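Just below sit the structures, each encoded as structure tokens.
Across the two complexes that follow, chain A remains constant while its partner is chain B and subsequently chain C.
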Partner chain A sequence: MLDYKFLVDTFFVALSGAPIAILITIVSLLIAIPLGFLLALARLNKVPFLNRLTQVYISFIRGTPMIVLIFIIYNSAPLILVSIFAKLNIKTNIYDVNPIWYAFIVFSLNTIAILSEVFRSALITVNKGQLEAAQSVGLTNTQAYITIIIPQALVVALPNICTATTNLIKATSLGYAMSLQEINLRAKVAANVGYNYIEAYIDIFLVYLILCMAVEYGFKYYEKRLRTYKFANT
Partner chain B sequence: MEKYFNAVYILETIPKLLPYLKVTFMVTGLSVLFGTLLGFILAVAKIRDGKVAKKIAYGYTTALRCTPSIVLLFLIYYGIPAISKGFGISLDNVDKVIFIVIAFSLQFAAAMSEVIRTSYESVDKGQFEAAVSVGLSNIQAYITIVLPQAIVVALPNIGNSLLSLIKEGALAYTIGFIDIMGKASLIIAGNYNTHALEIYIALSMIYWVISIAIEQSFLALEKVLSKGTQIVKV
Partner chain C sequence: MLEIKNIHKAFGKSEVLKGVDLKINKGDVVVILGPSGSGKTTLLRCINFLEKADEGHARFGEIDINFKTASRKQIHEIRQKVAFVFQNHNLFNNKTALENVTLGLIIGRKIPKEKANEIGKKALDKVGLSDKYDYYPGQLSGGQLQRVGIARAVALNPEIILFDEPTSALDPELIGEVLTVMKKIANEGTTMLVVTHEMSFAQDVANKVIFMDGGVILEEGTPNEIFRSPKHERTKQFLKRVIPEFSYSI
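Entry: the complex of A and B
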């Protein structure tokens, strides 16, 4: 029933899309981790305007399907970019912009919202006395956060960061909507020739399975190391 | 660009989309029903001692957690008819909604099995033993003692799973299913792809309101149900 040659060939086609999925994941995380942390701090310290704004932002992102978010950005970003390009006299055709830039925007916006909630709940679990104790021995706020608070919060946050990362990898499968050459699209295009959709989707499934399990395994390993480090210090 | 933004379209589109909300809710409701049933079975397999069943249940959860919804949807949509054809049964006339409900039930079951397992494990074993020791039967002890306590722990996670189920449900449009997302893409196609942005914003507003409503009702429910446990704690 299955075309095994196609199954094997397309597996590598799908796999060739993996670097893009990984690149988007890493860039989005690099953007989202610092910004998400800042937003978490803004909410915890109840910074007047920013706190409210962050709340609305998170609620909107959490409430909107990823695909709708992608379509909104994909349809609005070019409009905004055109006016920016016109102002800065950049003569790039808007249709020549690589869709990966839109992907960076969409997935970063999404991950910022999710990670800020993860960081917020993790920071809450760290006892307030920890910060006060750190201050009382003469550390500055920044020093206290870096050496005392964040390492403890990280242990709590890590499983949730892992979930966020796997969700992010999975969400890149929607990049096809931005005609991004990722795993899903590449395999689907290969399948279009002979209608071998089942084989193609089995391959896509396998590639995501490998990627996500690798991420989960990596996080588990890191979590273990972090935990022993924590116990050694207490 | 020939496109321009006109907010009137947002307001005009919302009433056109709302009637299709019941399709979205129907798919969600059925997926929750079947997903919870299967999730319960999986959770029992994880909790009990059977080694093989445990392995299968955990393997299932990992695989489903690592599969993007869109990939699962297509695997089911193309895969099940192909398999049944192998047995000489033609499923060509089966409504798409069946495949969609199957796909999302399978996914929801994976999430629910973890929710049920963790909430069950959060209830102290002594509670069950104490209940049995005062003469309750096993079933009575589970229903009157363990379940009410477990459900309080489970509620936020059930809310989150439900929310992501509704959001992921938007992807059913990719196989031509007409729920609110499908209707939105039909409207856009009917407009010759103009004003897509406004229509997607209208769509995101509807999803946003639904998600806020779900979040708030789960918070309210949590407050009502956790009343008992708080008194016990004090």
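Entry: the complex of A and C
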């Protein structure tokens, strides 16, 4: 019933889109982790202007479906870029810009909002007394955060960061709307030839599953290492 | 050595410190008594800048500091001289006992690791925890945790140690071990400012007792003066509740 040869072949076609998905995920995380952390700090310390701005930004992202966000950015970013290119005299044709750059923007924006809430809730779980004790032994706030507070917050944040990462990987599937050559699009294109959609979808599903399970495994390992102090038992 | 003048602190609308003056000499063991809400803890926290006082001056040796306009650098300087022991120990949960004690030395004071470990081990030995260097806070009992907290303060070699109700959160059985340690370091000449409800400590170890209520100091004097012949009505009232009127022992 199933075309097994096609099933196997298309698996590797789908897999060829994996590097793009992984690249987008990594770039988005690299941008979103520091920025998300700063925004979380701004919220927690109620920094006057930034606090409100962050709240509005997060609400906007939360209220916008990913696909809509992609449509918005994909249709408006080029227009903005054209005028920037004109001002800076960059002679690139806007249609030659690889959609992956728009993908970086969209997914970063989304992940920054998500991670800032992840970090904010994780930082809340750390007792205020920890910072006070650090201050009273003469540490600066930065030193206190790096040695005491972030490690403790990380234990709580990691499961949520894992979820955010796997969601990010899966969300790259919406990149087809930007003609991004990712997992989904590649497999579907192959399927279009002989209408073997079922096999294609199975392969797409398998690739995402493998990627996400690998991520989960990695996070679990890291979580275990971090938790030694919490559950140390002699 | 430490002189505080006219310290005021309000939280929102409620004024918690209404003008407190305090003088501590080197080697003094000062106990602050008083009902809850009298401002004792706030006073301590203001000295260490864990709370920012609204008004007031402090003179620390040669350093003059205004609580309201203190700069970060000045605050940092003060914290080098003043150590704090918290009611809830506030040990760093992700560090071992030894690391807890040495963190301030290694990172805050840039003391090399070996020297810091030496100092830290000595401090832990002093509080009777020589076998617990590598234990995490999650593995220690309440009394042990508080003793590590004291070791952490002692290791900094501060000019004065502030104790904020160090035994209030402990089981009655564990209070003794902490008080013993505090008595030991008091006898070694450490300058201590202690907020506590443990009258035995105030009577036996302190050389000065202060009674606070409603954000001001109502009375101060030697333990004998305060406990045997309190002058203020409120002090008498407070002590009556806390100490039996007559005690006989043969």
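The rule is short, and it goes like this: the second predicted complex is superposed on the first by the 228 of 234 C-alpha atoms of A that agree within 3 Å, B and C clash if a C-alpha of one lies under 4 Å from a C-alpha of the other, contacts with A are read in each partner's own complex, and residues count from 1 in each chain.
Just so we're on the same page, a contact is a pair of C-beta atoms (placed from the backbone, for glycine too) under 8 Å apart; a residue touches a chain by one contact, two chains touch by 3 or more.
Since this is a predicted model, take the numbers as computed values, not measurements.
Once chain A of one complex is fitted onto chain A of the other, the partner contacts of A:Q143 are limited to chain C, with no touch recorded for chain B.
Of the two partner chains placed around the shared chain by superposition, chain B is the only one that A:Y201 touches, whereas chain C remains out of contact.
After overlaying the two complexes on the shared chain, residue contacts for A:V82 are found with chain B alone; chain C is out of touch. Set against each other, chain B and chain C differ in how many residues of chain A they touch, and the higher count belongs to B. By the touch criterion defined above, A:P65 reaches chain B but does not reach chain C. Look at A:A134: by the touch rule set out above, it reaches chain C but stays clear of chain B.
When the two structures are aligned on the shared chain, A:Q181 is found in touch with neither chain B nor chain C. Those residues of chain C lying in contact with chain A across their complex are 48, 50, 76, 79-80, 83-84, 86, 88, 90-95, 103-104, 107-109, 135-136, 138-139, 152, 156. Residues 1, 3, 5, 62-63, 65-72, 74-75, 78-79, 82, 86, 163, 166-171, 173, 181, 196-197, 200-201, 203-204, 207-212, 215 of chain B are the ones touching chain A in the complex.
Across the interface of their complex, chain C is touched by residues 127, 129-130, 132-140, 143, 147-148, 151-152, 229-234 of chain A. Against chain B, in their complex, chain A makes its touches with residues 1, 59-60, 62-69, 71-72, 75-76, 78-79, 82, 94, 166, 170-171, 173-174, 184, 197-198, 201-202, 204-205, 208-209, 211-213, 216.
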